[in-house]
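Presented sequentially are two complexes of chain A, the first with chain B as partner and the second with chain C.
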Partner chain A sequence: MDGVLHQVFSGIASGGIYASIALALVMIFTATHHVNFAQGEMAMFSTYIALTLIQAGVPYWIAFFATVIFAMVVGVIVQKVLMEPLMNAPVLASVGVFIGLLFIFNSTAGWIFTYTLKPFPSPFGEGGPLFGGFFSRHELGSTAITLVVLLSVWAFFRFTRLGLAMRAAAYNPSSSRLSGVPVATMLALGWGLASGIGAIAGMMVAPIVFLDPNMMAGVLLYAFAGALLGGITNPLGAVVGGFIVGVIENLGGAYVVGTELKLSMALIIIVVVLTLKPAGLFGKVLSSRV
Partner chain B sequence: MASDTKSGPALLEVKGLRAGYGETWALHGIDFRVDSGGVTALLGANGAGKTTTLRAISGMVKTDGEISFLGTSLRGMKTEKIAAAGVAHVPDGRGTFMELSVEENMKLGAYTRRGDMSGEFERMFAYFPKLKQRFRQQAGLLSGGEQQMLAIARALLLKPKLLLLDEPSFGLAPLIVREIFDIMREIKDKEGVGILVVEQNASLALDISERAYLLETGRIVMSGASAEIAKDEGLRRSYLGY
Partner chain C sequence: MSRIAIILGCIALAVLPLLGASGYQLFQLTLVVTYAVAILGLNLVTGYNGQVSLGHGAFYAVGAYTTAILMDKFAVPYWATLPVAAVICAVFGFLIGLPALRLGGLYLALTTFALSVAVPQLLKYKLFDDYTGGVQGIVIDKPDAPFGLALNSDQWVYLFTLAVGIVCFVLIANLVKGRIGRAMIAIRDQPLAAEAMGIDIAMLKTYTFAVSAMITGIAGSLGAVAVQFVAPDAFGAPLSLTFFVGFVVGGGASIVGPIFGAIFVEFIPNIADQISKAAPGAVYGVLLIALMFVAPGGCASIVRKLSARMPWNRKTT
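So, the complex of A and B:
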């Protein structure tokens, strides 16, 4: 029984990371109606920036915040330079850009930082397991960070004027402009925020899986499965979906398919959700009257 | 018929306005003006260019010619800047933020203004008591009439000097239309804004407005005092069909 509990808690820890990336995916999806396949690679690239700073002697938390800011700037630039001109382009053009970005970030990281696995420090120390062995220090710390990030993002969108304007710009750009909301700026900020959230997820997962240019490939798949499971149109659903996928992954890996085949469970979840309930568990089909 | 002899600076002065989409023009050089504190109606059949005229003022389509608002040109300005300058636009289809609550819709209406808006919200509830009952609900669940009220409230919350209304009667039951036009009369008296209203329902629009322009395939074919146009049976029959 203790073993099962340990797997569940472990799953919650990695689920938090999937939830963060899933939230980033949903944010971009709401604004563009496309899934940003490069979300994971952008996070991975930012994590290398963090590692470079830390190796240069910058204290962890300063490196952490500098990396988040770097990631946000990259997100804004990607939106301004690549996505804004493609605003009215056909779907395939955007998909092409996302895939192109994926390869560009992946290869650039490999080129600059090499493809060898690198250890990434945890700010929470290497100390032994806590709470009767259910949580490692890093799992506990990273889950706490993830929860703080998710709550802050929720509060930002729910309670601030800027957050409301960003949601409005994503939902109804033309009406937003008529209300005086600078839509282009809001969409760029959305990309910045999503990219910053991704960078935090990258820095939290790197101590567990080690840093290499392909680090986020699996994470992105789990996150995508989580977003679909919870409902790609519903941020809260995607977050819950991310946590569920984390737990399923860990339990399945330990007791059903074995660790080698864990990733295939993400694909199974994706296929099952798309076949049986394409809107996801919480993706409400929006009702409106005319 | 009265001609354009009214003097004094106009709130909105449009001269030789062409506007259109892609390669084609939908408006072929029209002139009109809107004065402060009054209602001007833009009449015409489907496809005459009424909606395009409003979109041209708000910078949503490609334009050519002069659009002067309080003496400054709006041409080339971004839509959000035009809104911030004091032009509120209730678009066709009402532009409701369906996914957001009524409260959030109203907050977005007041986006360009700072400070506590609760007093302003109360002022809107005085016009539209239904919005108060629906305040916490998702706006997509409102009826068409309620969405129209919300759209007008959103526009007024911008504290505009010029209010553009695109077919406020569209798709609504006659009783609701009357209710909305009654409120518009009240707004006209109390808010001191200049209103440019586009309508297919000519009798309603002539009734509420002081001046009217009739558009036909992108050109103004007739203009004058609304009361005179409404009186002239021949004009009404040949142009307005009622």
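So, the complex of A and C:
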């Protein structure tokens, strides 16, 4: 029984990281109807920046916030330079750019920081497990950080004028433009925010899986699955989906099929759920007028 | 007339390397044809029918393994494995297409991507070890030219692949030009109107998936013969991504597009490697993005623009 609980808790911890990336994916999706394949690689790159700062002697939390700001700036630049000119191009062109970005970030990171696995420090210390051994300090800390991030993002969208403007720009660009919302700026901000959330997730996952240029490949896939499972139009659903995927992955890997096949198994379960409930667990069933 | 002349000219151009190209160059060209056929299959389902598949590497893998297992365990000649691979992949595609009916857009993309992730793991699975050779894979022999033709085996494999490739392209070109092709496009653009016109959407979508899987499976079969080796890790998610890049570069809903896409995915990584040994992926990514900016509709859109300017296509005013 203790073993099961342990797996559930560590599933919740990794689920929190999937939830963050899933939230970043959903934010860009609701605003632009694109799935950013490069989200994970951008997060990985930011994490390397954090490591470089920390190794240069910068205190962890200063490096943490500097990295988040760096990631936001990169997100805004990518949107302004690459995505905005392609706004009216076919969807496939944007997909091509996303895949191109994925290669660029991955390869550049490998070139600058090499492909060797690097340990990444945890801000929560290495100390012994808490709560009867169910949670390691880092798992507890990173889950807390994830929840704080998710709550602040929710509050930002719910209670601030800027958040409202961003939601409006995503929901109905032309009406928002008529009411004086600078839609292009809002989109760029959305990209910045998503990229910043990704960077936080990167810094939280790196102490667990070690830092290397391919660190996020699996994480992105789980996050994508989580986002779709919860309903890609619903940020809260995506977050819940991310947590569910984390728990399924850990339990399945430990008790059902072993670590080799756990990725396949998690995906198959999700596909079955989606076949029964095509809009995701919390997704809105969109009806369109004909 | 001129259209046929251009097509014949292209075929002549494709046969030309037999005269002077080295073994390795012929091998690369064989892979280009193989990729072109695989991307053609993907283009049918994604370009013409609008169902996004990120998992066509799985069908390629099934085709390749069918050929390898038949040749290795049952001593079937390479050419006889093609129809078997085609049938198996069509059935496999049909089965995958059934749940795909319920899943539109991104959900289908995830399902197919899951497939491409799962396939290498399944191929390594212990139960099938006797047939698949596990992690080691299977090595197969290179076929020699039949009927005493004065060709070495590289030349023969290229010629054989090219011939099968041309047959596939002609078949698909005819398929999309006819009633079924128009129905596929109608489903992509206006599903409701298509249904009102009496198209059985569910059936046609599943059939499209099956035909698409069949074509890509044939490509896998050809690829196995050309490479003479199959192993699970060659057929993972990166292969599906490669096909998708080729599809995007070539341009959706186009018959010539896959050829350009195949040339891109076969040669551009080598060029990127020559430009920068340190970060070839970055160069590849930059080239891919640059191409998307120059031709957002893929290479096929450039071809369309050029051909509209040709004297025989100009409208007389």
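One rule holds in what follows: the second predicted complex is superposed on the first by the 280 of 290 C-alpha atoms of A that agree within 3 Å, B and C clash if a C-alpha of one lies under 4 Å from a C-alpha of the other, contacts with A are read in each partner's own complex, and residues count from 1 in each chain.
In the analysis below, contacts are C-beta pairs under 8 Å (C-beta built on N, C-alpha and C of every residue); 3 or more make two chains touch, one makes a residue touch a chain.
What you are looking at is a predicted structure, and each value in this text was computed from that prediction instead of being measured.
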Which superposed partner A:119 touches (first chain B, second chain C, both, neither): neither
Partner chain in contact with A:86 - chain B first, chain C second, else both or neither: second
Which superposed partner A:179 touches (first chain B, second chain C, both, neither): first
Chain B versus chain C as contact partner of A:59, first or second or both or neither: neither
First, second, both or neither for A:164, with chain B first and chain C second: first
Chain B and chain C contact sites that coincide on chain A, given as residue numbers: 290
Interfacial residue positions of chain B with respect to chain A in the complex: 58, 60, 78-81, 83-84, 88-89, 91, 95-100, 104, 107-109, 111-112, 140-144, 154, 158, 171
Chain A-facing residues of chain C, complex: 99, 102-104, 106-107, 109-111, 113-114, 117-118, 121-122, 124-125, 192, 241, 244-245, 247-249, 252, 278-289, 291-293, 296-298
Residues on chain A engaged by chain B in the complex (per definition of touch): 161, 164-165, 167-168, 171-172, 174-183, 286-290
Touching residues on chain A, where the partner in the complex is chain C: 35, 82, 85-86, 89-90, 92-97, 99-104, 106-108, 110-111, 221, 224-225, 228, 232, 260-261, 263-264, 267-268, 270-271, 274-275, 278, 290
